[in-house]
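The two complexes that follow have chain A in common; it is paired with chain B in the first and with chain C in the second.
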Partner chain A sequence: MSKAENFAVLGQNVDRFEGHDKVTGSAAYVADVFLPGMLTGRILRSPLPHARIRNIDTSRAEKLRGVKAVVTAEDTIKKGWGVFFPDQYPLSVGKARYVGEEVAAVAAIDRDTAEEALELIDIDWEELPAVFDAAEAMQPDAPLIHEEKENNIALTIDVVRGDIDAAFKDSDLVIEDSFESVPQWHSAIETIGSVADYSANGKYTVYMNTQTLFMARMRLATALGVREADVRVIQTAVGGGFGGKSCDDNNAMVAAILARKARRPVKIINTREEEFLAGSRPRVNMKVWMRMGFKKDGRIRAKHMRIIADNGAYSGKAPAITGVAALRHDTCYKYSDVRSEAYLVYTNKIPTGAFRGFGNPSAEFSVEQMMDIAADELGMDPFEMARLNAAEEGYVSPHGNRVISCELRQCIDRTERMIGWKEKRAARKPNRGLGMGCTVHVSGKRHFGDYDGSSATIKMNEDGKAFILSGEGETGQGHWTAMCQIAAEELGVPFSDVAISEADTDLTTFCLGNYASRLTYVAGNAVKNAATAVKEILHETAAEMLECDPSDLVSRDGFIFVKGAEQRSISVADVVRGRQFRRGGAPVVASGSFDADSVSQDALRYGNESGAYNFGCQAAEVEVDPDTGHVKVIQYAVASDCGTVIYPIGAEGQVEGSIAQGLGYALIEGIRMEEGRPVNPNFSDYRLASMRDMPDLVHEFADSYEPTGPFGAKGLGELGMDPVAAIISNAIYDAVGVRIRTLPITEEKVLRALQEKKNGS
Partner chain B sequence: MRAKFEYLAPTSLDEVCALLQEHEGDAKLLAGGTALVMWLRMGLLSPGYVIDLENVPGLDGITYDPADGLRIGAGVKHRDLELCPEVREHYPLLQETFYKVAQPRIRLMATVGGNLSHGDPMTDPGASFMALDAEVTLRSSRGERTVSVEDFFVDYYETALEPDEILTSIHVPPPAGPAWSHIKFTPRSEEDFATVGVAVTLTGTSSRCDDARIALNSVGPTIFRARAAEDVLRGRDLSPARIEEAGAAAADASDPIEDVRGSSDYKRDLTAVFVHRALEQAAARLG
Partner chain C sequence: MKREMVLNVNGEEHDVEIEPNRLLLEALREDVGLTGTKEGCSIGVCGACSVIVDGRLVSACLTLAAACEGKKIETIEGLARDGELHPLQRAFVQFGGFQCGICTPGQIMAAKALLDHNPNPTTDQVKEWMSANLCRCTGYYKILESVMAVVEGKVDEGRRDEAVRQARIQSLYQSDTYKSNASD
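Showing the complex of A and B:
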């Protein structure tokens, strides 16, 4: 429950920090970066899903007037890179493994010249047999995509907790089912792009619209074969990330390689078509088989899950995503006997990767339907069943996730009331149905080395304004605003007296970036710690100036007061001036850092993966047209437990955006491939839910406080996305008695299922 | 590679016709550009000349006369037609149809002439114009001719326009009666193209249908009139059985392709459902 804190700045809808720049169009996106002498880079991509390169002849392209550099693997160190498995190259070495893979690239004085040059590159291809389905790729006779990976398996997980066989025997009800998800595409309004420069002293400077600044630098350094500090990465404004701009693609690598060869800056911005082919890495699609055992009273007794996850041609973050799908959801409900198997399998398609939810949406699509099926079979109300099983404070999941704050039951109660569950169930309408589900997510995850932390520096200006130096970066979610609020709250200055830097690896200290719903919690703690340290310095000087003890001082509204004698006060500005402009003066500056109290999972994947867990419950009311199969979402209710809400409008935006993306995932989205080529690579064929398609959305935040979070806050950004598809499926079942187990739940699938049901009975 | 073409900006219809004749087959007219620019970008068209209609007088304006009906300049924007008071009052079917096209950003740019001339079977206005018996005027240096909207759509992205012709206006006869209906089925998103589109007008009474016009989009290589379905109703009653029969006849006449919106079987099934529903709605308006 919330600790009654009287916040001055938190919880207020302040003016978004970079809002004016964005609404007036002055924010500089990567397309707005122009360096003197800058060239345009274009990439030659593999037209084949799996093919050996017998020879590449670039001589004709090199001779074209206006071409300044042509590069192939011969211009690279031919060393693999990748966050978990170093299996991808900036430019194909020996063979290409999916349609769209980067094979060669050109830098020229303009785009038309560069594109003309691409047509002059001659490649002698030897087409190889390809495989597009993960389950087929595991078969012994399937073509090998990476010769050293037997059966195309990139990763296997098989963990057993408790006594799974005994638990199933002890169950009163055992159900089994299979589900399948699809690759969903981020559809960020801005495609991936970069501008790379290479200076004579051997240093690269790369402007990128990345959401993970220092991770991008690490990967660039590996791919280029240089030390980290030889690469400077500067984040531009980012037009949407959702995981797709967390640097698992080759755009910046290729720009850097071209810049070095051309000795001129090179800009490469993916076209929309390229973005679909080889840009942001779509959601990992999974086939999920499940068996669950329940006691008569509705308690979960045993859970067995087997996942086949589609890696695409290279690994990126899919290994971690597969782990999340296999294990995370066991933090939502209480039980101890679990078996989780997962296989991550290479196919000749675009590599899959990080997308809001990170494996959890596929898992929740499966588990939250199993819960609904069980409730139905046991004749139980799904809300009752959720309440009975819900995780609570102090729960430790079978895999070692330690829950500190948890308001899941509160969320369940709020959602039940918001959607009007009891009333609507008592007065059922034809073809209308209700569905619900629960969700859990992390606030940061320890999986890149043994670190899930952040750091920030705050320096004070003579006018009393604070400036935060942070490399976490803004991706569009309002992170900068939340950090300024936290710093203002802790420093006791008005929000308008705090500013934050752009993310720049040369100027800010190490941090990991924007993923895993981590920034408010992890970076928020680091900023708060930096502010505490700065406040101590300020109080030390103020105490000298006010002739009192530092421990007697409080800061508020840009002034420092003596407790109990508030007429004895001094402005923060005067304190900073006083400290700087004196003999032996010094800047008022301090750093803060934070590393979450989580651990790296051990070899058996046991261990508390995050510092804090966020929870939620959602419900939907749908109406199904029995003649067409069309599903209309009438109302959607969401309750989220994200601890203290720092920036309400930003938090609401996260909820609304999650539901919009979740509904798209449930009902309409999904990249469709034929022979490894996307058949819907444009926004006419790949449809997104638009503003007009949103249902009536009702939402509440739980009254909640996370003791380890900054002022009680924890993560939120992904939580809402995770369970939506299952909830829609549950509501459809409730409405018309058919259950669709594959995404997206199209009207045609619903209509055919209804017809089958009619014919069957 | 991006398309390269010469941009021409004539200032009279005669000049447009002369340019079309001069560059016959190698020129494309540019109206709102919402379809043309996309096709150029995707490399589906590579004309040597693009003729901009922006500065050409005589293509704008909507006039209504009770005796003559409605005349719409080819250059009228979707949004202007949708908001025109006379259209709202006398041709609610058109008002509703245009309101359902894409979203305001597109409707503010796209022209009525561009929509029809594009010949895209998935566009909406063509079916409603057909159900109202509209005709288009086509002009070239050779002269002027009128063609019914029904005959204007020839095949997949193919219209009756000759390479040297420009569509200058659309004429809709005076409204025959109040009974109409329009259904645009967009299950993926309200902003999507139709999975099935149906426009219906009826005259007569509920016990005797004097005339019926049923036009469909998105379920065949062109927008088309389901004449067999009309025949089921003409001169007969509008009983549920009759309406059902008409729906089935329309589905028989459809020839949809499979795409991201569904299989051809599904779209054919839906054609029956939506023609049925549209007829019910229109019949209810007959009173």
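Showing the complex of A and C:
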């Protein structure tokens, strides 16, 4: 359902809040932070995937001129940190568990000196047997990666809803298949970095390009053994996050430890190679086995999924990601009887973690192909089948996710039209094919404490301009702009009269940060509530000044009017001044909070993970070259249900960026690994799509309104990424009759499959 | 051994004292103090460090500062004059040609180098030329739209409605190749 509202600022393509800084080169990213006396930090990383440290001798490094501090685990409290399992140390304690792990670090007057010092650190290693494949690591005789654990299984999920055996018996068609996804690196053009300072009174100040400021502070406090208030984290401009800058790595910890020892500010910026080795935590790769049962008419009857997920050496967010892969997609279609098993397994590789989609891309790569296979076997049109099974308003998933607004069917209809499905299927061209798929995502996720909220403070300046204090931060997606639009709309002031603060843990209230497509919905509600509270104060004072009742007042374009007598008005600036500059005067300032009406999952993983769910449908037309296996994406169509669109350029940008990353994931992104070691960790080997690689893209937003969202809005940032790989695979099957079940879908794989098909195997 | 030299950046002379192997990227950022030029890959692949030297687009991460002595170096900081944004800068703001902004100085310098030589490139020429500048955020659609807006004199025309925007993006795009270096 849509709800037409006459917005003054929402839905307008305003100039992005921080736009001028970014196009003039004046936006300050972490690499642009220079503090007096600042040193360069460099990290010594494990060259081995699994090895005990018999001894570390740093004496030669310490003597090098220009070296101000050398640190090892002996300079730390040796306490593990981690969101779900505290299994990671800032610097290796006793042994290293993957190639790239931080073992020691140096702070020196410049980079050359720091790097020379690293060479002078002597480590006596005892190499241990290592394991790189998650399925192998599950075997009882596999090398044990964390000795204090019984085996390498970090997490087991086995959720059964309904009567799964009976449901399969009751199915007319049962299909079974297996799929495999790969690790994908965020590859933000800016690597992870930090500048840490330590003051004589014991306080750390850390400039970071993190997406999750307060989470970073919490983890730093744990790793450093201090209280939260002893750490101040200031967000710099962030050069791309996508989940990779959520402080699940050790960069900032090591900088802080060096700064304390050197008593000088220390900057550590990951090199691109370090970013691949031990920086942003790549997407959790999963092997997925599935069995699904269908009725003759195309309705889903039963689903059984078994996931083996690769955790890498330490846990980070992979436990939550595995949970999402196992359960979230059941919110997309109507299911009654499902079983989801998942095993998250330690291996001697870089820890995996959060990347746009958070487990959903691996799940959708499997489920959306199963749907396509079933449609094919039942002789049904995939769009018909999707429409038949699509979730709708009021649907409650078998795991408790409660759908409020849902325009999935509308998205299906729009996508079918945009890609020209019927026309193109009626006039097929050789080696051309069409594929489609659906997707679901959240708008915030309740999994850190029993809290899925946000808060913001708005203060009014004497000139009538509003200033939002928020700790959520901007990662590049346009969040600041959207928040200023929401505040402007609610306050009744022009967009140009609203500004927003940088995120700073000392100056803003607790905010969870940028993940789970949560900002527009969760933070937007908090900002709107703060604006409502400010407006009440303004109206109270304006009513005194205009001698009327506050309930008779309306705000618009920076003025407050008496309803029905619009010549009686006063500017917001005059009201702010009127309230401040008088006996007993006070500033106009108020805070707003919001906590989504979601429910934490119980021990059996039943709950309602988010306050609102966003939906979408996508389709692709591809052309496959039968001689080379080359897949050319001709056209790509996307329809997204994100409720009210607040900032259209920003929203379109999220869709376009998601599809680009999704196509990269589907077709080209991957890294050669040998014995847990990336062979060429750089951008010439790990290829990103460039401008000429992008297909014709058509997209539309559904006419939609989420009643619990700010002005009807909900999340969008990850939704587009989730189903792309499956849709490309479905289109390739439609084009040439071969199905590729492992990512990325390289030319070699397509060619090999075509040859096997020709040989009749 | 460090050596004194003069670097001409955006029309201003800067005295610097640097090692002969100092990269232009480091010299600009750390010795001249202009941090608008960014580092993304350090191997000449991403284009984040693109600057113009004597009219030619170069990767500052692969160029020695000493080799630029006596030459005219242009960086992102030199584009806006007296607070007035360059048309490319205005186009990137109006058409949303960036998100995180880390690739943006390089994108704008690359576009400037192209338009300085050829003010009327075709869409395909722009795509080909700009393909040396990676962006992980935007999917390139709005970068292309921003550059083409300058070519077609559409900057400052005000907001167009979404249907026109959409039609425009579609008309700019036709698919091209995907090739993988990844192993199976």
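Assorted remarks:
Note that in this section the second predicted complex is superposed on the first by the 759 of 761 C-alpha atoms of A that agree within 3 Å, B and C clash if a C-alpha of one lies under 4 Å from a C-alpha of the other, contacts with A are read in each partner's own complex, and residues count from 1 in each chain.
Note that a contact is a pair of C-beta atoms (placed from the backbone, for glycine too) under 8 Å apart; a residue touches a chain by one contact, two chains touch by 3 or more.
This is a predicted model, so every value here is computed, not measured.
In the superposed model, A:S26 makes contact with chain C only, not with chain B.
Of the two partner chains placed by the overlay, neither chain B nor chain C lies in contact with A:A603. Once the two complexes are laid over each other on the shared chain, residue contacts for A:L751 go to chain B alone; chain C is not touched. When the two complexes are overlaid on their common chain A, residue A:E119 makes contact with chain B while staying clear of chain C.
Legend: residue contacts after superposition of the two complexes on their common chain; A:R672 is shown touching both chain B and chain C. In the superposition on chain A, A:L688 contacts both chain B and chain C. Residue contacts after overlaying the shared chain place A:H630 against chain B and chain C alike. In the superposed pair of complexes, A:E652 makes contact with chain C only, with no contact to chain B. Considering which of chain B and chain C touches more of chain A, the answer is C. Shared contact residues of chain A, touching chain B in one structure and chain C in the other: 630-631, 667-668, 672, 684-690, 692-693, 746-748. Within the complex formed with chain B, the residues of chain A that make contact are 111-112, 115-116, 119, 627-628, 630-631, 667-668, 672, 679-680, 684-690, 692-693, 746-748, 751-752.
Chain B contributes residues 1-2, 103, 185, 187-193, 259-260, 262-263, 266, 269-270, 273 to its touches with chain A in the complex.
Interface of chain A with chain C (complex): residues 12-13, 15-16, 18-29, 31-32, 182, 186-190, 237-242, 271-272, 475-478, 630-635, 648-650, 652-653, 656-661, 663, 667-672, 682-700, 742, 744, 746-749.
Interface of chain C with chain A (complex): residues 29, 34-43, 45-46, 48, 75-77, 79-80, 85, 89, 92-96, 98-105, 108, 127-128, 130-144, 159, 162, 165-166, 169-170, 173-184.
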